[in-house]
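Should a chain be cited, it is by its letter among A, B, C and D, assigned in written order, with residues numbered from 1 in that chain.
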Amino acid sequence: MIANAPFLLVGLLFLGGMIAIFMEKNLVKIAIAISVIGSSVNLFLVALGYRNGGTVPIHYMAGENTVMVLPTPQAMTLTAIVIALATTALLLSLIMLVYRHYGTLDIDEIRRLRG
Amino acid sequence: MKKTVFIAAAILLGAFITGALDVVHPFGDPLEVPMDDYFIANALNDISAENIVTAIVFDYRGFDTIGEAAVLFTALTAVSVLLREGRKKP
Amino acid sequence: MNWNDHLPALLLAIPLFGAFVAPVASPFGRTTRNALLASFSFLTLLVSLFLLRHTLTNGIAVYVMGGESFDLTLPLGMKLPVRIIMEVDAFSAFMAVCGSIASFAGALFSMNYMEKFTGLGRFVSLYFLLTVGMLGMMITGDMFNFFVFLEISSIASIGLIAFWRDRPEAVEASIKYMLISQVSSMVFLIAAGALYGKYNVLNMAAMGALIKPGTLEKLALVFLVGTLAMKCGAFPLHMWLPDAYAEAPSGVSCLLVAVSQASLYGLMRVCFSLYGVNLGGAFIPWAMIVMGLSSMFFGVAMAVVQHDIKRLIGYHSVSQVGYMLLGLGVGMLVLTDARGMAEYGFTAIKGGIFHIFNYTMYKALLFLAAGAVYYTTGKRDLNELGGLARRMPFTTGMFVIAAAAISGLPPFNGFVSKLLIYESAFAVHPALTVVALVTSVLTLASFVKVFQTAFLGPERSAFATVREVPTAMLFGMGVLTLAVLVATLFPSWTLSYLVEPAARALVDQAGYVGAVMGGGL
Amino acid sequence: MNPLSVVVRTVCDLFAWFMIVFGVNVLLHGYVTPGGGFQGGAIIATFTAFLLVAYGGKRVAARVNNKLFDLFEEIGLIVFFILAFLGFPITFFFNFMARPLAESASGILPGVGTVALMSAAVGLEVTGALSLIILTMHKGIRMFKVEPLEQETGHER
């Protein structure tokens, strides 16, 4: 159980992000919470690829050591980070527009489309 | 009332995810990794790439990378669509 | 080299290239831009039709991205695939044809519809990227690649929904969709990562061969089903869907309908091909049936009271998605039971798949017709519309065809697929059919109301100068009308030559797995 | 954004250029050292952010040409696509220039073939795209000064 601490940390981060999304009223804080969730997913992918005693997956840096950490999750994380960056930029632009139109960031007051 | 339901749902989801992560495999000890071992063994010999991660990103899983470049391009396009200067109403 | 073997890559490469060159080409003026939009989406449609023909004659097509040969799925000395593999069976090709027809029609429609607005080079680019995301989700065979295309399609649709950024409602709909889709795609990535961590493969077919029932698999299944059902607009989190469909420009709404079908495709792929016989009990099928029934009922109940014509059609989307979930859920329920499958399960799956085709066509047509009304009158509120039938005869005719098809009036294609779903759901429990029938009646009532208030009645003085929409828009609607009419006039041909191979491919997990893993498993 | 003090601007003048050199280094050696197209591109794009913070929006908007970044981004994307497309007689994305380790000891282009070229192309694309995103979002602040918000034509008939 204690050896799985990285996975539990990922779960806690995710939980914190989810609660922040539901609790917070401010759109910028919600954007931050979504970033936290994205980071927790990236952390999860990297943690999946760790092998005890493994080295960096680059041949001339690893030297004679043949145990390397898994490279695929690192490649996946690279992709996921860029995607998270792109979505954060878009989300912030949308929030700028929302503030321009509604004059508020409170999610409860943005309600022209209810019903 | 609504808030309580949401928080309960969030906690449930978080607990689910924590539970799922706990049974993946013990941290630092993946059991069998045929795909990654293939990459580690063959990246240097096949395409003489020292950096295996780069070899995966641009060769073995290169199609993901063009998707990723497309995501960045999409985000740029969407941002410039949202914040464009429109024509004024006459 | 044989071009037929490279069709899966071309299907994605053509619209992707169109998206990349659109910003370069758009300064050359309106004609160049429109020619780009029309020609590239037509090429995509053509490639998808060839792909469908190829899969119907030659079976499942696999395409290894970057491999030494397009069909060398397993590298030398390996039992598992390492590269990204596109896997196109009859079901994927069928969905890709639906999607590219909607994309082509929306492109033709948008040429005139959007011409008064700014930022059109970017619009074309985003439109193609949305098409790429949709088609990529439909033909990929790799979990992580599916996630990448999911993100492309959701980011592109967010940009397009908020395209009229000077309307507060559009921005609000867009941000609502963005919050939901971001959380759901992160949960999808967690589930995909957990499955990768356990089995060390990312290919869906290989994962389907390796997967064993267990705790992790069950949790991952719940996550995958939940996120993908959310993205295709099923009941508990359907709130984004009518807003997004109503506020997007009409040509885009037409494509968004097909994009939500791509999420439904992912859901079916996960349930049938990835898990298949390992679904583990009746929980997921029943969850899907209940989700379908409640989407149906609440969607139509909300639709009846709407005044905004596009919002009304958007709420009907929720209820129509319910039919497909019901049909495919009933089929999933008897997946391991050969007798039940032969008696009613296969019929249900056929009904669900046929309904996907019908729904994409007539719903896209309805959105385009509503867009045509908005284009000529500038109004979307039903209380301000009236007497348009004489002014816009073609639009009215096509709207009537689509409305009859969606309400399931007997000669039309909507009736055929709904009948297949009714009779198979009746074998599970009569109450399912009752709910479906009530939904159908309410759908009819609501479309009679729309037709009566918007198109019939006395002519309003405000619309004295209204004229029929330009030819390109009529062509866009005509493509979809043609598709609806083909499915209406030749239902048995459609069922036996298009729908049945697709249903067979969907049920055949061993075939899907075997195409990648070889015959050994 | 207002320009910061002269200290910051001098430091920016001195050191921001090293950002570009370091980024290009990371970008070009992606296949041997940690790094690659995305990382290098992101480092180069930091340069734009530096300028924006140190010199303020007005001066940057006057001096920096968005067309340049547009060009970077388009060239990167299209080169990447064409490199992927050139593998077509075999498969899309086939690494047609790759040679095994034994044969690739000499020569200007290393045996990784398209990996290095694609990495450079992606680096160019990421540089352009990230810089443009920053500049566009910064330019978007003007929305808050215009009253009322510029309306689109075309909604009315």
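Criterion: contacts are C-beta pairs under 8 Å (C-beta built on N, C-alpha and C of every residue); 3 or more make two chains touch, one makes a residue touch a chain.
Please read all numbers here as calculations on a predicted model, not as lab measurements.
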Quick check: more C-beta contact pairs at A-B or at A-C?
A-B
On a C-alpha centroid basis, what's the spacing between chain A and chain B, in Å?
9
Chain centre separation (chain A, chain C; CA means) in Å:
28
Just give me the whole-number Å value for how far the CA centre of chain B lies from that of chain C.
24
Distance between the CA centroids of chain C and chain D (whole Å) is 35
Check: chain D positions touching at least 2 other chains come out as 32-34, 36, 38, 77, 81, 92-93, 95, 126, 133, 136-137, 140, 143, 149-153
Hey, what residues on chain A touch two or more of the other chains?
14, 18, 21, 44, 48, 58, 60, 72, 76, 78-79, 82-83, 86-87, 89-90, 93-94, 96-97, 101
Per-residue multi-chain contacts in chain B, two or more chains
13, 17, 19, 21, 24, 30, 33, 35-36, 39, 44, 50-51, 53, 57, 59, 61-68, 71-76, 78-80, 82-83, 85-87
Just say which it is for the chain contacts: an open line, a closed ring, a star, complete, or other.
complete
Chain C residues touching chain A in their complex are 144, 148, 151, 155, 158-159, 162, 165, 168-169, 171-176, 178-179, 182-183, 186, 189-190, 193, 196-197, 202, 243, 247
Which of the residues in chain B end up touching chain C in this complex?
13, 16-17, 19-21, 23-25, 30, 32-36, 38-39, 42, 59-64, 66-68, 70-71, 73-75, 77-78, 80-87
Interface residues, chain B side, partner chain D - complex
44-51, 53-55, 57-59, 62-63, 65-66, 68-69, 72-73, 75-76, 79-80, 82-83, 85-90
Give every residue of chain D touching chain C within the complex, in rising order.
70, 74, 77-78, 81, 85, 87-95, 149-157
Mind pulling up the chain A residues that touch chain D in the complex?
56, 58, 60, 78, 82, 89, 92-93, 96-97, 100-101
